[in-house]
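Chain naming follows the written order as A, B, C and D, and within any one chain the residues start at number 1.
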Amino acid sequence: MIKVGIVGGTGYTGVELLRLLAAHPQVKLTAITSRKEDGLPVADMFPSLRGHVSLAFSAPEKANLKECDVVFFATPHGVAMAQAPELLAAGVKVIDLAADFRLKDVAQFEKWYGMPHACPDVLEEAVYGLPEVNREAIRKARVIGLPGCYPTSMQLGFAPLLAQGRQLVNESMLIADCKSGVSGAGRKAEVHTLLAEAADNFKAYGVKGHRHLPETTQGLQAIAGRKIGLTFVPHLVPMIRGIHSTLYATILPEARDVDFQALYEKHFAGETFVDVMPPGSHPETRSVRASNKLRIAVHRPEGGDLLVILVVEDNLVKGAAGQGVQCMNLMFGLEEGTGLMQVPVLP
Amino acid sequence: MIKVGIVGGTGYTGVELLRLLAAHPQVKLTAITSRKEDGLPVADMFPSLRGHVSLAFSAPEKANLKECDVVFFATPHGVAMAQAPELLAAGVKVIDLAADFRLKDVAQFEKWYGMPHACPDVLEEAVYGLPEVNREAIRKARVIGLPGCYPTSMQLGFAPLLAQGRQLVNESMLIADCKSGVSGAGRKAEVHTLLAEAADNFKAYGVKGHRHLPETTQGLQAIAGRKIGLTFVPHLVPMIRGIHSTLYATILPEARDVDFQALYEKHFAGETFVDVMPPGSHPETRSVRASNKLRIAVHRPEGGDLLVILVVEDNLVKGAAGQGVQCMNLMFGLEEGTGLMQVPVLP
Amino acid sequence: MIKVGIVGGTGYTGVELLRLLAAHPQVKLTAITSRKEDGLPVADMFPSLRGHVSLAFSAPEKANLKECDVVFFATPHGVAMAQAPELLAAGVKVIDLAADFRLKDVAQFEKWYGMPHACPDVLEEAVYGLPEVNREAIRKARVIGLPGCYPTSMQLGFAPLLAQGRQLVNESMLIADCKSGVSGAGRKAEVHTLLAEAADNFKAYGVKGHRHLPETTQGLQAIAGRKIGLTFVPHLVPMIRGIHSTLYATILPEARDVDFQALYEKHFAGETFVDVMPPGSHPETRSVRASNKLRIAVHRPEGGDLLVILVVEDNLVKGAAGQGVQCMNLMFGLEEGTGLMQVPVLP
Amino acid sequence: MIKVGIVGGTGYTGVELLRLLAAHPQVKLTAITSRKEDGLPVADMFPSLRGHVSLAFSAPEKANLKECDVVFFATPHGVAMAQAPELLAAGVKVIDLAADFRLKDVAQFEKWYGMPHACPDVLEEAVYGLPEVNREAIRKARVIGLPGCYPTSMQLGFAPLLAQGRQLVNESMLIADCKSGVSGAGRKAEVHTLLAEAADNFKAYGVKGHRHLPETTQGLQAIAGRKIGLTFVPHLVPMIRGIHSTLYATILPEARDVDFQALYEKHFAGETFVDVMPPGSHPETRSVRASNKLRIAVHRPEGGDLLVILVVEDNLVKGAAGQGVQCMNLMFGLEEGTGLMQVPVLP
């Protein structure tokens, strides 16, 4: 059994990790830390876990995280980088659900997150936890920076277009019009995500600049091996879970004959968690609710020069906790889908 | 034109007051105070008011509230009682949407609101602002304590039963199973009213005791002229606006022949804002959305001994801001419905 | 492996059965019938099942249901009773999620469902599928009439009060104020359950009489061994899944000293799927979302004579498909919780 | 007073017309037809109108529509064109909220709507009812084809870019990523718009082709005086009302110096119902809920070559009934905003 610790189990990615790990056949939940909730049984905060998780939160200094095999950080940005070096030194692997180990360029990190990076050497070693792109590196990694929820959908959605040797689309003018459920904003007391503010409402936000833009650009450039230009417009949907990314790319004249449906199917052949749907499909976010699946549909309206790629995922699973477990499975030599084969909940 | 000031215009009852008063033909909005937002145009915080309200928030000390004819307090409990005496002394009428002037018994106020009362003499003078019960007193009042949202629906729902000379129902065992939209909790940053917490969810709360219980008991006793016993169970509905109160009362044997439908219709005959629906109706909260109407349906399942009264209102209008404007109209000798005849918004 | 057939897999209880059975370790899904969708892969209608269910719908006459060990009917009322005799004769067990085998009194059935009963002898043999009340009979049953969604919550909520030898509450004046998510109305094209009708809205319905009233009365009387009187008021909540029943019962003077919390805890001790929460709890429907758990909290406001019992369940799981699987497990000698231990999905 | 008739008042655009017209100071509601609901008081179907609309539905042949000054058609496609000639001959003006008089090219109409056009001569005379583009023609029109909900937002959003003499953006590669509340699908009994299907969910639809594409293309070409190329991707948002269109256009090198914010402000200066918001704004759909306002924000992320235009409207008001009333006001020489100055309902 893998001994797992969680730092910061009081947010949405934390409780989602608990939901998945409590049912994982190879995991023993060993410690969950929260300074504020020290001593409180986890199931008192989240009654959904009554009967499934018997642990209590404990203050970090009591938690003996160093006896774990792996520690997940479901914390605000900045926490994981402060604690990772000591854990790694003790032989504990680290999976960070926040942004501390996503951006390879320290200056970029500091610009977008407004804090100095605490351990650039660990950052250098860290592997970006997107298994469909990075599987072999993840297997050998000691520390994982998990992708953000939006970046997962954008990277997997654009990857087949960019991963070919030659350019198929105008890579300097990619557009991602993304829509997220409100849980993406986290379990924080804020006015703009109150039900009475966000329900029966729709809006864009962060059009001027969003932290997931540099992360996605970095990832897409790594896939393409070239510079790319991306415009990313996030929107807030009055729903709890789910991301729907509508991606646009202009087909280059020399690629007009490409069978893009076949290209996507081939690219993701054999992937457990990526489903390229039949032509003409319109994936719904609920078709992946509470599951680690990501679904993609490829459209070319009226056979024209604009590709429209539709991508859905559950932001808390494939966009966060589930992807973390998927990485953990790889890092510990388990079948990649262990504990992650839940059927989506519909309706 | 009535010169109107608003203290605390940044919450939901505040913005609703602004919506109603901006369109009121006899009102001139004169000042809106907020220490925190001093100088910010109101329409910058609430873009729905762009083109309708040109005022900016101003710090209280700059606001010249004493030049108003009436000041509404859409503030947390405790603010109105601190400022009312000075305004009254300057000849300004006061309408408090919070609880400072609701409970006539100072000890009760202090028990349920956890603070001493600042002006028991003003409290004694204050009139409870429920026009359908208290119309004449409101006309002459200088200071109004507006009913809470739940208490409005419970009192108007039970009133016809209790206002008769003789007892018709077991008045010691009244039950009010009430359901409210989330805006009733106010525009405060809190976790439990986040969309990701409160959507697709339903729960009771405050079963042990809720501040609206003593207020409603006081009101029902005033209507009945007798002691009554009430159990009040509030629930949170995943919607923005609306209260639905399902009221239960056991018919006394000697009242089995009463025509309760006729009793209700007669009791509310001529009321502009109370609609007793035809027998067999199931009023929906959306049928009063954004309007000052309250609808009631009277049921007696299988002709048995239990009366089931269904009441709907918009918690922000008839349950708060609209009722305040209704009182203002009475206090200034206007037609009671002035500025309040909006057609409900459906769907 | 148990060979399972499903008749009518295109509604919400059908797709929920598929979600649960596809992951059940002892089940082999053998046939799903739908005349209208003959030949359509199930996963084409419900993309959430892509990769989990490879079956296609087949017309009933092609389906070879007689080779199954058990057949679930997730059909409109009237279908199961037409087909059950032939299946039973072939040695196939039958579990009906509709109402054909709920009401023991044929006249009652015919009154409330408006059709003659096709097989009163099978009805007589049928066992009411509420394991916490009826476990031993279910183990031996050949045909199960599964409880409705509301009746499950009302019966388990009142059971501890009524199952004692002596009367503790006024059993002639029980009240159930119940609230259900919209999936309870089924996957039928109807105006009143459209999102634009039912969202941001709340209403009661069926106050004059609802089919779940005679069923619940029958069940409560079986538990009590006495006549009981129940008023049942259902309401529609703008959410997808979940039932919250708020139950009221007046404590008899001679029972004022009973420790009702202890009574409930003792009554349900050892039950896998009933969770009596700590005193003061307010269970939320989302705390059981997508799981077979039912949670109960016992309140006695101000220590008075009115008991308030709060009950939550997922109407599609413990209120339908999950309870069906629970019964199947008992009928085939499996551990009662097999395939039903999913952690609820929150948020 | 203008005598107004409505054909087909049982859908969402119909009830919205009733809400607006019942409060319009210059309108006398004269007849509402519905063959199916003949004799039913309108307020029995829509209790929100109790006390505001006393008319009953009447069968078309009883309705005396010819005595009206203007008749609105809130009907399925095909109804208005069958009745318009006779009404026009009787001197009655016609405003069609459906598509019969939108597409000027009969062949296009027949292709997209699958029926022959009943009166091409009336179609030729008909004026496209978008006042901000077509005001003078509307004033003189006898018959109006009102724009669809999506097309209103797309045309007003792109208009300032296309209405200049010279090309500013790549007009062959315009993108409109649009999101609509569910009321846009109408008040029809259908599965895919049930709350249990559409809530907590997000999806695109009609990517292959949507009827609002040819209409919008026609409108944009009329504005530009040139051919344009548009890709339109509609999405369904789990909310009742509101459209949010996110528009993308690539700035041509020779237009990089244009001040697009100023361009938009100037283009819409003086418009009562178009609000160009300050730079950096993110308009929300609720900021126009239940009002005839449309709000626009202009973004140019990172100062690059892609313009991102955000547009919000209430699909039932500015996208349908409100725009119809706006046209009626123009046709009868009233102030354009008469009866349309409602403050948006927020929250």
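Remarks
Operating definition for what follows: a contact is a pair of C-beta atoms (placed from the backbone, for glycine too) under 8 Å apart; a residue touches a chain by one contact, two chains touch by 3 or more.
No experiment lies behind these values; they were computed from the predicted model shown.
With centres computed as the average of Cα coordinates, no chain lies farther from chain A than B. A count of C-beta contacts for the chain pairs A-C and B-C puts B-C on top. Separating the CA-averaged centres of chain A and chain B is a span of 45 Å. Chain C has its Cα centroid 39 Å from the Cα centroid of chain B.
Separating the CA-averaged centres of chain A and chain C is a span of 37 Å. Listed for chain C are residues 12, 181, 183, 187, 196-197, 199-200, 238-241, 283-284, 286, 289, 347, each touching two or more other chains. Residue ranges of chain A in contact with chain D, taken from their complex: 173, 175, 177, 179, 181, 196-197, 199-205, 207-209, 229, 231, 233, 235, 237-242, 244, 246, 248, 250, 280, 282-286, 289, 299, 301-302, 304-306, 308, 310, 312, 347. Contacts from chain A toward chain B in the complex involve residues 12, 181-183, 185, 187-191, 193-200, 238-240. By the touch rule above, chain C contacts chain A in their complex via residues 12, 15, 19, 22-23, 46-52, 183, 187, 199-200, 240-241, 275, 277, 281, 283-284, 286-291, 293, 295, 316, 341-347.
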